[in-house]
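Here the chain labels run A, B, C and D in written order, and each chain numbers its own residues starting at 1.
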Amino acid sequence: MDVILPQILNGLDKGSAYALIALGLTLIFGTLGVVNFAHGALFMIGAFCSVSLSRILNLSYVTEDPTQTDFLGKPLKVETPYLEAWFGPEFGGALIDWSVPLAILFSIPIMILVGLVMERGLIKHFYKRPHADQILVTFGLAIILQELVRGIYGANPIQTPAPDMFRGSIDFGAMLGFDPNVIIYPYWRMIYFFFSAVVIGGVFAFLQFTTFGMVVRAGMADRETVGLLGINIDRRFTIMFAIAAVVAGWAGVMYAPINAPNYHMGMDFLVLSFVVVVVGGMGSLPGAVAAGFLLGILESFASMTAVKEILDGIDQIIIYLVAIIILLTRPRGLMGKKGVMED
Amino acid sequence: MGILEVKNVNKRFGGLQALGDVNLSVKENSCHAIIGPNGAGKSTLLNCFVGKLIPDTGSVMFDGQSVLGRTPYEINQMGISRVFQTPEIFGDLTVLENMLIACFAKRDGAFRMHAVENMHNERDIVEKAEHMLEEMGMIDQKDDHSASMSRGNKRRLEIAMCLSQDPRLLLLDEPTAGMARADTNNTIDLLKQIKDERDITIAIIEHDMHVVFSLADRITVLAQGTPLVEDDPENIKGNPKVREAYLGEAA
Amino acid sequence: MLGLNKKDTSLLMFVVALSLFAPIILNIFPKDSGFAFFNGGYPDLMQRFAIFGIFAIGFNILFGLTGYLSFGHAAFLGVGSYAAVWMFKLLNYNILPALILSVVVAGLVSVVIGWISLRRSGIYFSILTLAFAQMMYAIAYSDLFGRWMGITLTNGETGLQIYNNDPQILLGNGPTSPHLFGLEMGARKVLSIGPWEFVFPVGYYLCAILLILSFYLSIRIFRSPFGLMLRAIKSNQTRMSYTGLNSKPYTLAAFVISGMYAGLAGGLLAAMDPLAGAERMYWTESGAVVIMTILGGVGTLIGPILGAGTIKYMENIISKMNEKLLHDWFSFLPESLEYAMVWLASWFTGEGWHMTQGVLFMLVIIFLPGGLVQGGQKLASRFRRNKADDTATNATPAE
Amino acid sequence: MTKSNLTRRGVLKSGAVAGAGVALPTIFTASSAAAYTNEPTGGTVTLGFNVPQTGPYAEEGLDELRAQELAVEHLNGMGDGGMMNTFSSKALKGNGILGKKVEFVTGDTQTKSDAARASAKSMIEKDGAIMINGGSSSGVAIAVQGLCQDAGVIFMAGLTHSNDTTGKDKKANGFRHFFNGYMSGAALAPVLAKEYGTDRRAYHLTADYTWGWTQQESVAAATEAMGWETVNNVLTPLAATDFSSYITPVLNSGADVLVLNHYGGNMVNSLTNAVQFGLRDKMVNGKQFEIVVPLYSELMAEGAGANVQGVIGSMNWNWQLTDEGTKAFVKSFGEKYGRPPSGSAHTCYVQTLLYADACERAGTFNPCGVAEALEGFEFDGMGNGPTLYRADDHQCFKDVLVMKGKDNPANKFDLLEIVEVTPRAQVEYAPDHPMFAGGDLGKCNPGA
């Protein structure tokens, strides 16, 4: 139990990232019928919203300190953030410290804008094109976005820490009566899990209980009929795209403290999130979420030493192995709809 | 003993009894129509003939052999060709190519690895295909993109593909559905001609009474998944039960 | 000629000419001129053009004809390379057994993967092939099979290479680099005409001959009854089965043929450069062949070759434009403008070559859905219209 | 491999012939007078700088490129001369190499063996590069080294830390200045014993590829010799981005030290995750839990940020050293680029100078002559103290630095501090040491 439990926690945590990305991917796919290979890039842009905000809040003026020298023996340039100068080190410092949570708000307009521009400017013209064309054009877009980020921020990962109070970890084991240090878990990862649970719940509630959501769901099921009812489904789909972009962006914003963002993190997640979506079943939102958590937990289990002793290197192939088994036993993944993307 | 013998076929979808105790016999070289109101189970029954559905109980025998459990292509190779309600053709290909595929399937069976063989060496097949197109009056369109044709011509092509395989049984699923009157009449004429000129058995599912009475030698009326009556067209016309269950409704 | 109609024969002749004269066409700029940078006529790149041309031609037989989008074709390329290098290690450097084994092994692997993956269609098929390829990549990268069996099979991320203490039972006094019965792949002739210099490498010509053969075979397949069946699968599978045709063996055959093409390409990569690395199997490489095919023109005969050439040229030439070079080129401008131009250009060159690639994908897909072939046809038809205004030309279907 | 080289006169003549329209275009030359691949005939010599410009190690590659450009500048007599002034060999005059102006071409390895070989080949075949330098990973270094051996050019490896580069996979045309896994282990073990005691239980997380394996083997052997116990060694996939599931079992295993045999993005993430899980705040077996990263680089430390604080690792070289060579290099690099050079930049810079110097001393660009000049070469003034290029395996032997993450860095270049300079004698090993066995240097290949 003391071995399994932490891995379940790990799995839930990994799974929440997969699920959030896959959820957005499925929303776009289900509503617009577009295979969006740039979705990983949206996740990456979200993470860089965190980085950018922390950079903006850290904007500094430079003073020279003659008492210290830099590596060339010149007077050391000392940077003081404007915020600390304006609001005093305490409040200014706190603002800077909280840049990641603040980035959740900061990212909303950015992600909406990115989403709208993408949908109106590009994806709209690809609704009727073959999926291979959609894949290629969005893949091209993903490369461009990624290169832009690399040009601006460089290729090195950029640490974007969580607020001070959320660093460190909680000793679950001690609370549950195990020995101390047996089951520890970082605060921020738990926050990430709860955050994604809330976002996922929010998206489902939105689709379930609002008129807007009902129209979109109906549109997902039968676009033509809903169109015939005189409802401007296109506009709603555009909004849906923006929502999906925000969901992917938020997944990235909150992920930044877990692993330092780098420009290729979107591509790292891209293939995996597609596997998740397909294992969940194309077009099924609950399927995507379930598959995300399932694969996350299985991946964590496979990395346990006891499991690796059975088959060396199983942790490297588990996701793909499971994907193959599921797709062979369940033709349309866990909850896929018949006839969607089967030709 | 008919060429197609359907015995005690039952099919349930969840709580719905789609077919109940269907017995049917289609005589060789006849035209047998299956009619009935919407939801009577006509299409379900047809799907049982071609391997798309497997009935829960009962048997479907074609020429003394069971078709149940066989795949659609195996059933086609046995000699049953099917025409769909919405014409199913190879839209990306030309009219001639559509015909060639049917002719190859007839000659070479379900699979043959003729990967480097040259089309020029397949004179027989090409001639056969062109001959059939000529017969159907479509030879001028042989190089046309088949997706760009009218619905009537698509139907004509589909029938031509089926006929080129010399099927013993031709299944027609509402062949004139969604057609303009002129196209409908053309199709009726075409089918009549086929019926008269060939040794072929036709089973037709139809809504349009005009079509049914122009073609059928024998009619089975389905209602709620069960055959109501089976008789000659003249008798069906006068049958009050049919009138009540179907014609009256339609009128 | 050769069982081809007139149009196909001229297409074949075009490819033959292109392949034979590539060393001249690609080194069109004099050696010392400023444009010499854009020359691509050096052995390695020409060989890559031909090899990836073969890879893409094979992929197009599956994707272009049947419409089944495999996202794991690089696996067969990698398997072919490993097989070839193992032949070098065990027998000797003769490439013939190596190439034969790479095609056979890739064929066998593709039978297994194809047989399983083809139980599904559409994106489910794509993800199955992707999953298989990624699994094989992981297995090769950490040599998992080797570890399970306690031997070295792929030599991990270092890549499988030939050591002096390998068995090489047939080596004797034969050449110590890949050769075809003594004809070394690394050998080359150099032709200098005035300021021009043209290199004619043996290895390239072997690849070119195989490219031509592959291309010829693909024309035959495209035009054969079998090819017609494959196109029928793409068009309408329902009609296919109700016409008495079993689409499964057709698709599987196409899958295996394209897998064998990939195996041949992989074997050739190893024959030109006796090393096999796991990166060849990574999903981006599978994606690259999809991109090559679509970029050139999916389902067209010559498109894949053009696409492969374009991508490899960009990868090898644009990535070498560094800032020093840009400064040289823009040095005629006033300094401030020079720096601005260099700044702008550096987004797209050197380490920014991915950006150029992304932009190209988008432009081609948005404006030329039929790929470069369609672009060529548009140009040609415009040219023809200009030439003879009175003859109205219909857009020829992409072929 | 043959290649013709025309004299200027020949070019002019045949140009004139072609211009005159006389139909005699074919001048096939099966072989020429060239004694070795890409023998420079004009007034210039071309070096090939093959570094990762895209992919996860791109920043490192760009830093290598900066250093290489700087080296070319210095070789051509521009700038302040950098380490040429402190180098013990005085063969270089600042007039290029052997009187020929140095030019360079660049390529992108993408940190993939295939791409790296392709770009190296294009430099050799198209641009006439006589030497290839750079790189940021062992797999790529070994692949390119093999290629250079076959093509007949010298390979001056950049950052490559696997034992295999000068062990199992050593090649006569390849030379490594950078240190290796064995040296890291040998240098770290005494410091670790001193700082953390000899009674420690170590848990290894190892990147699942050859570099990871050789480093893990080296570090485990060296620490075990000091009395440490290796509790477990878990291999992690290279593609892993989240290491949480590998880190959770660590505390439970009874280990009190975590050794991260990771590099680049893997190391940044695994260290970040380990710190996130609060490992460094824990007491296990009555001791403070510690993390060790055997191979450090400045750019990784920058990526890992505050997480490196207090973490011990080793480096080939660091800009904070105070010898004259280091000072000269840091000064000229810092003034040109506004930042201190990284360790891999240093290696690439030094390798370029060493190559040039060897050509000067050999009096030729012939790879065999250059190799001979480098083999057994003793030098100083390049920042690592007295250094030997050992003839048996083409590995440099020099002091190794043990580093520690600073607690209060003043800026982003100041994340690490030097704990100890381990003397060369302590990291030396016999050429036939079992961790390096199985290789065969072969004979130098001049191509042609």
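Everything below uses one rule, namely that a contact is a pair of C-beta atoms (placed from the backbone, for glycine too) under 8 Å apart; a residue touches a chain by one contact, two chains touch by 3 or more.
In UniProt terms, the chains line up like this: A, C = Branched-chain amino acid ABC transporter permease; B = ABC transporter ATP-binding protein; D = Substrate-binding protein.
Only a predicted model underlies this, so the values are computations on that prediction, with no experimental measurement involved.
If you average the Cα atoms of each chain, whose average lands nearest the overall Cα average?
Per-chain C-alpha centroids compared to the overall one single out C.
Could you state the distance in Å from the CA-based centre of subunit A to that of subunit D?
Distance between chain centres, rounded to whole Å: 35 Å.
How far is the middle of subunit C from the middle of subunit D, if each middle is the mean of its Cα atoms, in Å?
The answer is 32 Å.
Between subunit B and subunit D, what is the separation of their C-alpha centroids in Å?
Computed value for the inter-centroid distance: 74 Å.
Which positions in subunit D touch two or more other chains at once?
54, 58, 62, 208, 235, 237, 239
What parts of subunit B, by residue number, touch at least two of the other chains?
Correct list: empty.
Considering subunit A alone, which of its residues make contact with at least two other chains?
Expected reply: 312-313, 316.
Dump the list of chain pairs that touch, please.
Taking the chains two at a time, the touching pairs are A-C, A-D, B-C, C-D.
Mind listing the subunit C positions that touch subunit A in their complex?
Result: residues 63, 67, 69, 116, 119-124, 127-128, 130-132, 134-135, 138-139, 141-142, 144, 147-148, 237, 283, 287, 290-291, 294-295, 298, 347, 352, 354-355, 357-362, 365-366, 369 of subunit C touch subunit A.
Mind pulling up the subunit B residues that touch subunit C in the complex?
Touch residues, subunit B against subunit C: 50, 71-73, 76-77, 81-82, 84, 88-93, 97, 100-102, 104-106, 108-120, 122, 125, 145, 161, 165.
Considering only the defined contacts, which subunit A positions touch subunit D in the complex?
Contacts found on subunit A: 2-3, 6-7, 9-11, 13-14, 17, 68, 70-72, 76, 150, 154-159, 161, 167-169, 181-186, 188-189, 258-260, 262, 264-265, 268, 299-300, 303-305, 308, 312-313, 315-316.
Please output the residues of subunit D touching subunit A within their complex, sorted ascending.
Residue positions touching the partner: 54-59, 62, 208, 232, 234-237, 239, 241-242, 244-246, 248-249, 251-252, 265, 268-269, 272-273, 276-278, 281-282, 284, 299, 302-307, 319-320, 330-331, 334-335, 340, 410-411, 413-414.
Which part of subunit A faces subunit C closely enough to touch in the complex?
Result: residues 35, 122, 125, 129, 131-133, 135-137, 139-144, 146-148, 151, 271, 274-275, 278-279, 282, 311-313, 316-317, 319-321, 323-324, 327-328, 331-333, 341-343 of subunit A touch subunit C.
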